[in-house]
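The following pair of complexes shares a single chain, subunit A, combined with subunit B in the former and subunit C in the latter.
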Partner chain A sequence: MKNLTHIWFIALKDLKLFVTDKTAMFFFVAFPFLFILLFNTMMSGIGAEDERITLHVLTRDDSGTYSQMLLEAYETTEESKLDPDDHSPIIIWLKDIDYATAKQQVEDKTLSGFVAFPKGFSADIETFKNEILAGEKPLHFINLDSQLEVIVDPDNTDQQIALNGVANIIATQMNAMQATMKSTALLADDPTDAINTFFQQLNTGQWAKDLPSVNYQTTIVGDVEAGNPANYVIPGYLVMFTFFAALQGGAQIVQQRQNNTLERMLTSSVSKEAILGGTFLGIFLRGLLQITIFWTLGSLVFNIDLGIAPAAVIIISVLMVLMSSACALMLATLIKTERAADGIATLTALLLAPLGGCWWPLFITPKWMQFIAKITPHAWANNGFNKLMVFGADFSSVVPEMIALLCFAIGFGTIAVLRFRTSSIQ
Partner chain B sequence: MIKALYVALLETKIFLTDKAGLAFSLLLPIAIFALMYGAFGGQTIFHGTAYMVNQDVDAQGQANYYSDLIVEQLDGLDSLDVSILSEADAQRKLDRSDILMAFYIPEGFSDDIDSGLSSQLTIKQRGNGGDEGQIVASIVRGMVENINQQLQVHAKVAGAVGGNYNQDTVNEYLANRTVSVNTSVGESSAPDPVKEFLPGIVTMFILFGISMNARALYEERKRGTLERLVTTRLGVGQMFTGKFLSYVARGFIQTLILLSLAYAVFGGDLFTTASFFKALFICLVFSGAAGAFGLIIGSVSRSEGQAIWMAVFFTMSMVMLGGTFFPIPEDTVFFTISKFSINTYINDALRAITADNASLTSLWPELLIMAGVIVVGLAASRYMFRVISK
Partner chain C sequence: MPDEFLIAKELHKSFSEIKAVNGVSFSINRGEIFGLLGPNGAGKTTTIRMLATVLQPDSGEVTIGGYSTHQNAPKARSLIGVCPQDLALYEELSAIDNLVFFGRMSGLDGKEAKEQADINLRLMGLEDRAKGKIAKFSGGMKRRINLAVALMGTPEMLFLDEPTVGIDPQSRNSIYEVIENLRDKGMTILYTTHYMEEASRLCKRVAIIDGGQMIAMDTPTALKSQIGDPDKITLEDVFLHYTGRSLRD
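Right after this comes the complex of A and B.
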């Protein structure tokens, strides 16, 4: 009981010292919010882009029968007349410019990219048709050296994927036609009529008529709304500054050990355990104060959305504070001098913050970085917050993150308890 | 002046023998640069998530053949993750705008395909599904089209050849895909990540290192070290000058090591010999500005906490407003505010040197502003500089 009282008084004294330093308090509160304001402004509006993707196609085919027929089938002639359920990309046929000009426009960044049908495309198909009808064994639907081509601006990755998607669908259809005709030529007793019918269907756009297919039905459930960047900016900075402030608290323990404050406390009736507990509680309470300010201002000023499981957000925040406090104590037990403590506290806090996704959301970084980030408690906390506040996860989805933070806290805490000493003399 | 130089030399010696300080000054910028380069330096590639509701399952809840095939093939793509949701979860996430698009594979999807019947995928989306949603949709459509075409080829050949139909022959021809797509991407005009991030990170840590010295200055004043020193023949002005010179020396040494390392690693892509020395000179001027800044914080701090938080606050504010990590959008109020950050000028100058080998004369506005900060900063800090803790 006496120990508990001591723990409480030490914690309260630390908190009082901190709160009464008004300038430090001001920066403690104002500093994170300057960042939040800056990033919130810079990232606002991101995610609201919802224009239909526009893709361009052209043909280098001289005679042009088949390529033109296919392009007519793909081309979006009038957007307003489109099936309202069809939300596929708008496809524009570049009829007024040739291949070289279009390519130059891509290099000049006035055109994002295009799919080009190759030279001799129709002639190749015609040759294939003649060979197959003559009973010869045709080699290829179109010449292997003249394939479909995608020319794209390397800095426009969305276009790159979308153009390749369209080109691959065309290639898939070409391959399917080739396989149909070759199989029929091989298997049918007299394939002439069937092959002629196939080409007639191809010419009239009836190739897939009456065949089973996988169709799409699109249902619009609302409009696209820009996400609130505060939903991932605030948690990131909460994690960073909670940890940073806690580690600064750890550096103060080293200072108190060096100037013998901790030793002097032992000479009174305060036990070593009470000093450890009180110091830990002081840092923990300061962290709680910090997250309370963060979430209160976040809700009132930035209108953040805590998701469908606000309790999980709170639990992760508290676990983050618990872990940070334990880490601060561990740091204090591992470092001998005050000067080293300051440097290492700042170094650790500033290194783990970007690695753990505090400066930018981890979900925009490469997979390997997301994997490496998991060595930091920051990444677990940020992942939990992102799941809850950005992707709408429920409580059960973030239990692994909670367990991970708890494990970090226990691990740091155990090292701190085992190594804690009050004297700077070993 | 000699005495001031002695003070500066002593401080520099302490800096060079302080392992933690050196680690902070040298290892941290390298680590942060590596992280920035890792996160944003590679070629930008699309990565999206396909949210799927699979209702085509057997009695045990296992996905049936075709729905499983679609999910498996999509999941195998580097550019895509597949997230399987329950119908209720998908609806809730769509309602809350947590996701913009979900693909529903209906019950009996595989059975319909097996029976040669048409089947239907449902796409529920908000608006057009956003940029990412539309691209994901195009990937899903491409994947489904593959299955579609295989089914249609079999149906078409079976209809044409009647009793001679042989599934293996058709599959063999289907596997022989000779029509393909060649993709040509030109040269990227995206800024070189090394030239983009390196100047900001180096200058960030020069400023950080120097401003964090404010805490040491406060400590020396609190412990009476400064007061004891003025009882010797060392004047306050000499001490002040010595401190300032030591900050400049510290910043310059830090720059010299970091830029030399960068030169050694990235070589001619980053610097020519001339541009390397120009960069060093610019950083020397910046170290002066940062030193004056550190002296102001050290002079006005009334407690250790104040010194640390002020140093961190001002450094990080300057760094962020200086466009260290992300360019500040021109049409925002922050762009105007960024003109008050010295990092804006040093970063612009260093980027101009590394990217275009800009001459020092062309960088006179930046040099002039940094020189102005040194003069004003030194005057202000000298006015506030005290040796006695009140």
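Right after this comes the complex of A and C.
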């Protein structure tokens, strides 16, 4: 009981030292939020943009209306532009400029590229239709692969890929249409009626609408588009600054050992175990205070989403604080001078933060980096937070992360307990 | 038969190859101020740290108030207050917070700790600076707070390791008065110092230690008599007689 009282008062004293230290409060509570504000704003820009690519098409067909009907079907409507779930490219029909002008614009780099329907497109289809209706085996088979033209800025790879894709799809559709017409003419009891019905559908643009279109989706992070960047920015900085503050707490233990305040506690009838427990609890409470402020402000100011298992987010946060506190104690037992402890605390915190995915999400890094990151407790904590808050995982999915953090805490804590000393001279 | 409150027998302590304390033995009577004198590196602080239970001797035995510091350290600790040579205070906390904290550490409850803190601050003449941060205090004020903290928990014995080093004469005199006051109330005190005049003024008996060994121990007057006329000889003469005039590290 006496030990517990001592542990509690030592921890309260350390908490008071932290709270009354304006510099520490700024660096470990206010400063992180300036960081978060900055990075959250930067990352917000990425998610807010419309990633749908814009493609242009025109027709050189002056012999009929089939190409115009097809373009009307392909052209992106105003409703489709506004639909957030529509990831197909925005297709604009260049009605007001001719082929030569459009080509010149591409050369001038004022237009990135376009697909052009060939001259005589409708006339070719009419000829084809008439030959079938006359019961002839039409030799004239439209091969749009060779006739559709893609004009594109050579520096614009995205446009090249997308426009070629569009051209291929149109060609495939037209070739399929020709094959269907041939089959219809051969198999139907009344070929004339069947072919007329078919062309009626073509005239209304139904064909183009029913056939598959080019899908184009921009991936921002991994294979999932993150809605609110704060959902991965805040946990990253929480992990970094909680760990950093804890290590600074470790440096303060070294300071207390050097200025003999720990030793003075020992001569005041406080057991070594109580001093160890009290200093640990002090750092732990500071960490809890930090994560409480982080999550509260994160929810109120940045509207973060804790996912479907907020309890798991809280448990990972607490385990992160537990691990950081144990690491701080271990640091205090391994280092002799306050100056060295300060330097090593800063260096360790700044080295492990990027490696462990605090500065950028680990899921956007290469696999080898994700593998190396696992040597850091930061990576396990960040992975846990990302799974829960970005990918919408449930509680059971982050149990490995929780176990890993607990193992780190036990490992660091064991070394700290075995090596803890109250005096700088033994 | 004097009542021996502290007994140290054949204390030895080495750090690597250096023998810091080599067979030191002495006893301090209840209510006595005992001076431990010696040049830098003589082994005074190491001896005090062993007596105060923060350093384990390689061999030897210490009892305080009848309790062995080896076998019953918590009980022995409950009888002592330590004023270390270096200021062992939380600079970012106020004077009252430091006193109350160490009071709680010595087993007082909240009310008792606050009451004792107020009494000790008055004793040191610092009651009007109770809420001031230690970091903003002068060297003399810090030394007085350092002593006030040692008094928390009402110890029966004080270890004062050079409590007046580096402070102005006013603060030093104030500390002398406090110590004399404590002596008059029956406090047992082990006192180390480099200032021979304060040892002469305060200590009933003094021991001179050098090279980790006790080389002389008696009342100041008796020690003076050993080397000449006690009315003409100072304690500093005695000190130099036993420890020599060569410079120390």
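The criterion applied here is as follows: the second predicted complex is superposed on the first by the 239 of 426 C-alpha atoms of A that agree within 3 Å, B and C clash if a C-alpha of one lies under 4 Å from a C-alpha of the other, contacts with A are read in each partner's own complex, and residues count from 1 in each chain.
One rule holds in what follows: contacts are C-beta pairs under 8 Å (C-beta built on N, C-alpha and C of every residue); 3 or more make two chains touch, one makes a residue touch a chain.
None of the values given here were measured: they were computed from a predicted structure.
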### Message
Quick check on the superposed pair: does A:N175 touch subunit B, subunit C, both, or neither? Answer first, second, both or neither.
### Response
first
### Query
Is A:T110 contacted by the first partner subunit B, the second partner subunit C, both or neither?
neither
### Query
Looking at the overlay, what does A:W359 touch: subunit B (first), subunit C (second), both, or neither?
first
### Message
With both complexes superposed on chain A, which partner does A:T41 reach: first (subunit B), second (subunit C), both or neither?
### Response
first
### Task
Tell me which of subunit B and subunit C touches more residues of subunit A.
B
### Message
Let me test your reading of the model: by the given contact rule, A:T192 touches which partner, first (subunit B), second (subunit C), both or neither?
### Response
neither
### Message
Between subunit B and subunit C, whom does A:D21 touch in the aligned arrangement: first, second, both, or neither?
### Response
both
### Message
Under the stated touch criterion, which partner chain does A:Q200 make contact with: subunit B (first), subunit C (second), both, or neither?
### Response
neither
### Message
By the touch definition at the top of the document, which applies to A:A162: first (subunit B), second (subunit C), both, or neither?
### Response
first
### Common interface positions of subunit A, toward subunit B and toward subunit C
21
#### Entry: Of all residues in subunit C, those that touch subunit A in their complex
15, 49, 52-55, 74, 77-78, 80-82, 84, 86-90, 92-93, 97, 101-102, 104-107, 149, 152-153
### Query
Touching subunit A in the complex: which residues of subunit B?
18-21, 23-24, 27-28, 31-32, 35-36, 38-39, 42-47, 79, 92-100, 112-113, 116-131, 134-135, 137-139, 141-142, 144-153, 155-157, 160-161, 164-166, 169-170, 173-174, 176-190, 212, 215, 302-303, 305-306, 308-310, 312-313, 316-317, 320-321, 325-326, 328-329, 332-334
### Message
Help me check something: in the complex, which residues belonging to subunit A touch subunit C?
### Response
2, 5-6, 9-10, 13, 16-17, 20-21, 259-261, 263-271, 422-423, 425-426
### Query
Where on subunit A is subunit B touching in the complex?
18, 21, 23-24, 27-28, 30-31, 34-35, 38, 41-42, 47, 49-53, 87-89, 106-107, 109, 140-142, 144, 147-155, 157-158, 160-162, 164-169, 171-176, 178-180, 182-184, 186-189, 191, 194, 197-198, 208, 211-225, 227, 244, 248, 308, 337, 339-340, 342-344, 346-347, 350-351, 354-355, 359-360, 365-369, 390-392
